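Below, chain A partners chain B and then partners chain C, in two separate complexes.
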Partner chain A sequence: MNRRKFLSSASAVVAANAVTAVGPFVRPASAQGGPIRIGLLAPLTGVVAAGGKEMVEGFNLYWDQHGKKVAGREIEIIVEDDASNPDTALQKARRLVEQRNVNMLIGDLLANTGLAVAEYVKGNGVPYFIPIIAADDLTQRKRIPNVIRIAGYSASQMPRPLADYAYHKKGYRKVVTISQDYTFGYEQCGGFCQTFSENGGQVLHQFWQPLNTADFSPYLAQIQSLKPDVVYAMETGADANRFIQQYANFGLKGKIPMLGCMNLTDQSVIRTLGAECDGIVSSAQFCEGSTAPATEKFVAEYEKAFNKLPSLYGFSMYSGAMWLDAGMKAVNGNVEDRPKFLAAIRKVVLNDSPLGRPVRLDDYGNPIYDVYIREVKRRPDGKYWNVPLETVPNVSQFGKYDPETYLKQASYSRTFQGIKKS
Partner chain B sequence: MRPPLSMREPLEEVGDALADDALTRTPPRVMSSRARLIVAIACVALLVAVPFVVPGYKTSLVIETLIFATLAMSIDLLAGYAGRVSLGHGAIFGIATYVVLYHVTTGGGSPWVAMLLGVAAATVAAVVFALLAIRTSGVYFLLLTLALGMIVWGMCLRWTSVTGGENGLRGTVAPAWLAAQPVFYFFILIATSLMTWLMWRFAHSPFGLTLQGIRESESRMRTLGYNVPLHLFIGFTVSGFFAGLAGTLYAFFNSFVSPSTVALAQSVEGLLMVIVGGVGTLFGGLVGAAVIIALENLVSFYTERWPMVLGFMFIVTMIFAPEGLLGFARTLLARRGAEHRS
Partner chain C sequence: MSMTVFQAMNGATFAALLFIVASGFTLIFGLMRIVNLAHGALYLMGGYFGLVVAHRTDSFTLALAAAALAVAAIGFGTYTLLLRFVGGNVLRQVLLTLGLALVLDDLALVIWGGDAFTVPIPEALRGPVQVGSLVYPKYRLFLLLFSVAVFIGLALLLRHTRLGALIRAGVDDAEMVDAMGIDIQRVFVYTFMLGAALAGIGGVLGGAFLTLYPTADSDILVFSLAVVIIGGRGSLAGTAIGSLFVGMLATFGQVWFPELAYFVIFGPMALLLAFRPLGLFGRTA
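Entry: the complex of A and B
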């Protein structure tokens, strides 16, 4: 191939690409009739591999129960391991979209993996659903039209009702927070502290500890000397496990009550714990000990299938699958028409979810929930689980704030927690 | 100061064993110049054909390979030629990526200025690393560069207001005219080829030979009147400069950076590419990058235990081809050539 020939063929390819680049949201309908391909990204290796496996379990459980077929089209699920690493997640997302030609992506667990994939699909318009990724700004300040948090929640959404409960119902006035030092922690603590301080409560101190802290004793000693009414703990995974254990070992349990984010007392954590987790209060949309018939049915089925109580990961991906099913049915399986499909997903009102209460999205692509205030209790068979204390209806990601005003406020960070000075 | 022999020997021998490639000492003519030309043309033709033959995902894999090959080769400049194995190059690479993304997304600047700033920042980091590390060798050098890399990682993780912490920085860096994949591919191909040629020139310049001399015997070079620390300093800085360039290209490609890009794992992966390809062969970096990235993608297609398979492959390589794939191929060719002649 001589140079001129090469140049002309190269420019032809460039031109062809430019043409296709004009309409990334419109796919030719010729692919319709074949299977609907869903790319499922989950961390099957790396630090959060345990959660990743439960994600896949939950997602597959739904399709196994309901048959892998929607509107006459087969559902093909392609699982890829994001290795708990954003660069790998991005690479796998590329592979799913560009090589396996998936119609949509769903999944990822760690916020950084989700944010990396979100940035990628921003450019090509592939629908991306995030039942686990809680990073506030993905449905707030930096939202992307084709990234929707079906069956998920945003980080600062859930702690607000808990802060109200702590102040009004329990009469706590002084709180100390301890949290893992990263964005998910800033957002959860921000949600709690802003509401708690605006109610009139006082945030005595906020501890930010590095991820994977082995020894909490320095923090526990300081917490004790600050003499708070209550502790709010934002810990996930192994940190949550260690914190709860050491809190009891150092004798703080029973002296200073503990509140937590939903991850602190998620089944993935308390499954391996004993009496030390008893009595911790948290808030979440899901509560495995709820007596709602739909929840009881789901928990029983999940326990039968996997011999363990469902965690947030399993539950969220199960509901996510249900949400996709409803959305795909609404467009009669024509997921190639992306704008229509995304609109249908946004309009879904999930009536038969394991929550037993209707769930829908707000205008920004984040679900509105009735939030449970829940407490860890011992089940008659000795296992610990979360049981509901009360329910706060219709909690959106903006809480009681007006969305537009709220979005003008800065994102929560270590330096900005929205604390109202009294 | 030269540490006592007992402390130096074992590691230097390991380093030598890795770098002990017939090629770098007395480059044998394993192929006739005509054969070399044919191989070179075949390689170029293959690389040029990539975006037309396998468009889409596979082309993006080749782009990634080219970028990581550049990182691997920059590590090889130090490891293979100067005999200094660095575990801090992932951090230098990542600093450039961070600076580019920060300048473009947070600062709203032009990508080309960002590229200059990124390379400058990486070079400055390399200067600092070099000043602290060049007087050591062997395991001390390894540990010092490792520690320096960890400091960069810690900063990226905790300096949330600038680096975005765990979540990293996101945003499209590459200008619009580079958006089409074939164009971007050729941009990367030309840039990395240019860098490879420059690195090759550097390694085979008289200055590059002094680095090899230092690898062979520091004391002899000093006796000959060479300023050994200065030469190592320049060698490290140049190597960091190329790692930084690769990092800026990675920002263009990935549109995303997080602490995992500056983490130890990144440095180790770069080093593994060098070792698999062949230490002290320069082009071994390209071979290693291609093999590792291809395998990662191929194996993870079939099993979620792919890290185990990769680990097994590294062990097998180390046992049967300790001189790396390229080194192995060269030895084979040399042997065949010798048989022909006899």
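Entry: the complex of A and C
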């Protein structure tokens, strides 16, 4: 083969390839009638793999129970592993949207993975739902119209009722907070400290420890010497597990009461713990030990399916699936009309959620909940779970503040915790 | 004052765990020149084995023994089936052990899931104890005593047994030992198994208060590396001093410079290396 011949045959091959390659990139004019494709992103490997697995379990449980069909269209769920890593999350989101032609994305667990995907869908308008990602500003100062927090919560939303409870009901006046040193922690502690200090309480000190702190003993020694009325702990995953355990081993349990963010006493943490976690009080929209019939039913079904009590991750993704189902029904399965679909999602009032109480979004795309103040208690079979102490109705992400005024305040950070000096 | 004593205790007990894990690391590193990056994974596997045995038998002692044996067996397999064939090539050893670490980690994730687990300890070691005005967890005091026992045991082994003499000779000059008609490969296998067993025991002891979770292996590996680099490879006393150094820095660093928690450990390490590249007790080969 001489050079000219080679060139011409090579270009013919390239041309032929180009013709066929165009095929998959052209979206069919009307996909109506074909399946609705949902891209589910979850960390199945990496630091938070356990939570990621439960996300997929919860999401699939709903569809297995209710049939994978909406308005005559099949539901096709495509799961991708975001590896607890923002780069991978972005790459997988791209693949789902550009190669697998999904109609919408849902999921991710860590805030940085969610923010990477949110930034990506900002450009192309693909609907992205975040039942787990709690970063405040995604539904506050940096809203993206096609990113909606169905069945989720924002980080500073839940600690506020807990701060009220601590101040008014328990009479605590002096608090020390300890938290993982990243945005989720700043926002949770900010929500708590702002409310607590505006009530008149005093924040003695705030500890920020690196993620994955093996040994909490240095902090425990200092907490003890500060002599607070109560400790507010913002820990997730293995850190939460260690903190609770070392707190008990150092003899602080029973001396200084512990309050926590909902992740501290989530099932994903306490299911491997014993009496050390007994009595910790936290606040959340979900409480697996609630006696509401809808919750009891959900918990029983989940336990039967996976042989464990549902965590926040399983619950939120289950509710997220329910929310999508309702939204898709409202537009009769026509999810290709994105503005209409997103509007329908925003209008959903979830009446039959496992919470047993109606849930709807505020004008900013974040759900409004009746929030439980809950306490870890031992179940007769020896497992520990959260049981409700009381309920605070209609808590939005803005608490008692006016949304517009609140949004003028800076975002919570390590240096800004909204603490009112008394 | 009592606060400083308290924090010093915290540093010492954390150092105790580091010593047990790092002494295994330094034995392997010192004698065979193998930077075993799977040492953290062996720690984690030991912890999980101990967890299973402790749940089945309710015995912490059995858990320790089972973990030591099981991880020593993994060490045996690793050395005879894999590492023996890349002898002398540092880059291949590092890649091989790193690969092994990843495989073991994923295996653990598949078998035990990603939840954080705690190895149950005997009732007698739970909760705090009052020493003078100091209230301190019993388990951590136990850990301190245990590590002292391990130190004495290893020192006796190295000083007064034939294997110990061979190991010491091998650290100084492995080729010469070989040339004197001693089967150095056999010594290598034993040492590797012993080092692995120490990692396994460390896993159970650490798993009881630091919990076991998917990335626990790399956390402990980084600390062990720091200990060995500071103390100097192959030296038991160096490892003990290095452990105390790192344990104290980690503890007091968190108290005094909370923002710089990691820098406080690795900053001084870099500085030390600049002036003493072989560590505090390291000797040239």
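The criterion applied here is as follows: the second predicted complex is superposed on the first by the 393 of 422 C-alpha atoms of A that agree within 3 Å, B and C clash if a C-alpha of one lies under 4 Å from a C-alpha of the other, contacts with A are read in each partner's own complex, and residues count from 1 in each chain.
Following the convention adopted for this analysis, a contact is a pair of C-beta atoms (placed from the backbone, for glycine too) under 8 Å apart; a residue touches a chain by one contact, two chains touch by 3 or more.
What you see is a predicted model, and the numbers here were worked out from it, not measured in a lab.
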**OP:** Have a look at chain B and chain C on chain A after the superposition and call it: clash or fit.
**Re:** fit
**OP:** May I ask you to decide whether A:65 touches chain B, chain C, both, or neither, giving the answer as first, second, both or neither?
**Re:** neither
Subject >> Which of chain B and chain C A:81 touches, first, second, both or neither >> reply: first
**OP:** Have a look at where A:95 lands relative to chain B and chain C in the superposition and call it first, second, both or neither.
**Re:** first
Original post:
Thinking of the overlay built on chain A, is A:351 touched by chain B (first), by chain C (second), by both, or by neither?
Top reply: neither
Subject >> Partner chain in contact with A:115 - chain B first, chain C second, else both or neither >> reply: first
Subject >> Touched partner set for A:45, first chain B, second chain C, both or neither >> reply: both
Original post:
Who does A:273 touch here: chain B (first), chain C (second), both, or neither?
Top reply: second
Subject >> First (chain B), second (chain C), both or neither touched by A:212 >> reply: second
Original post:
By how many Å are the closest C-alpha atoms of chain B and chain C apart after the superposition?
Top reply: 5
Original post:
Of all the chain A residues, which ones make contact with chain B and with chain C?
Top reply: 45
Original post:
Where on chain C is chain A touching in the complex?
Top reply: 3, 6-7, 10, 13-14, 106, 109, 113-118, 126-128, 135-137, 139-140, 209-211, 213-216, 219-220, 250-252, 254-255, 258-259, 261-262
Original post:
Taking the complex as given, what residues does chain A use to touch chain C?
Top reply: 45-51, 53, 207-210, 212-215, 217-219, 221-222, 225, 237-238, 240-242, 245-246, 248-251, 268-269, 271-273
**OP:** Note which residues of chain A are touching chain B in the complex, please.
**Re:** 6, 9-10, 13-14, 17-18, 21, 44-45, 80-81, 85-87, 90-92, 94-95, 97-99, 110-112, 115-116, 118-120, 123, 135, 181-184, 186, 211, 413-415
Original post:
Where on chain B is chain A touching in the complex?
Top reply: 48, 51-52, 55-58, 60, 64, 158, 160-161, 164-168, 170-172, 179-183, 186, 254-256, 258, 260-261, 297, 300, 304, 306-307
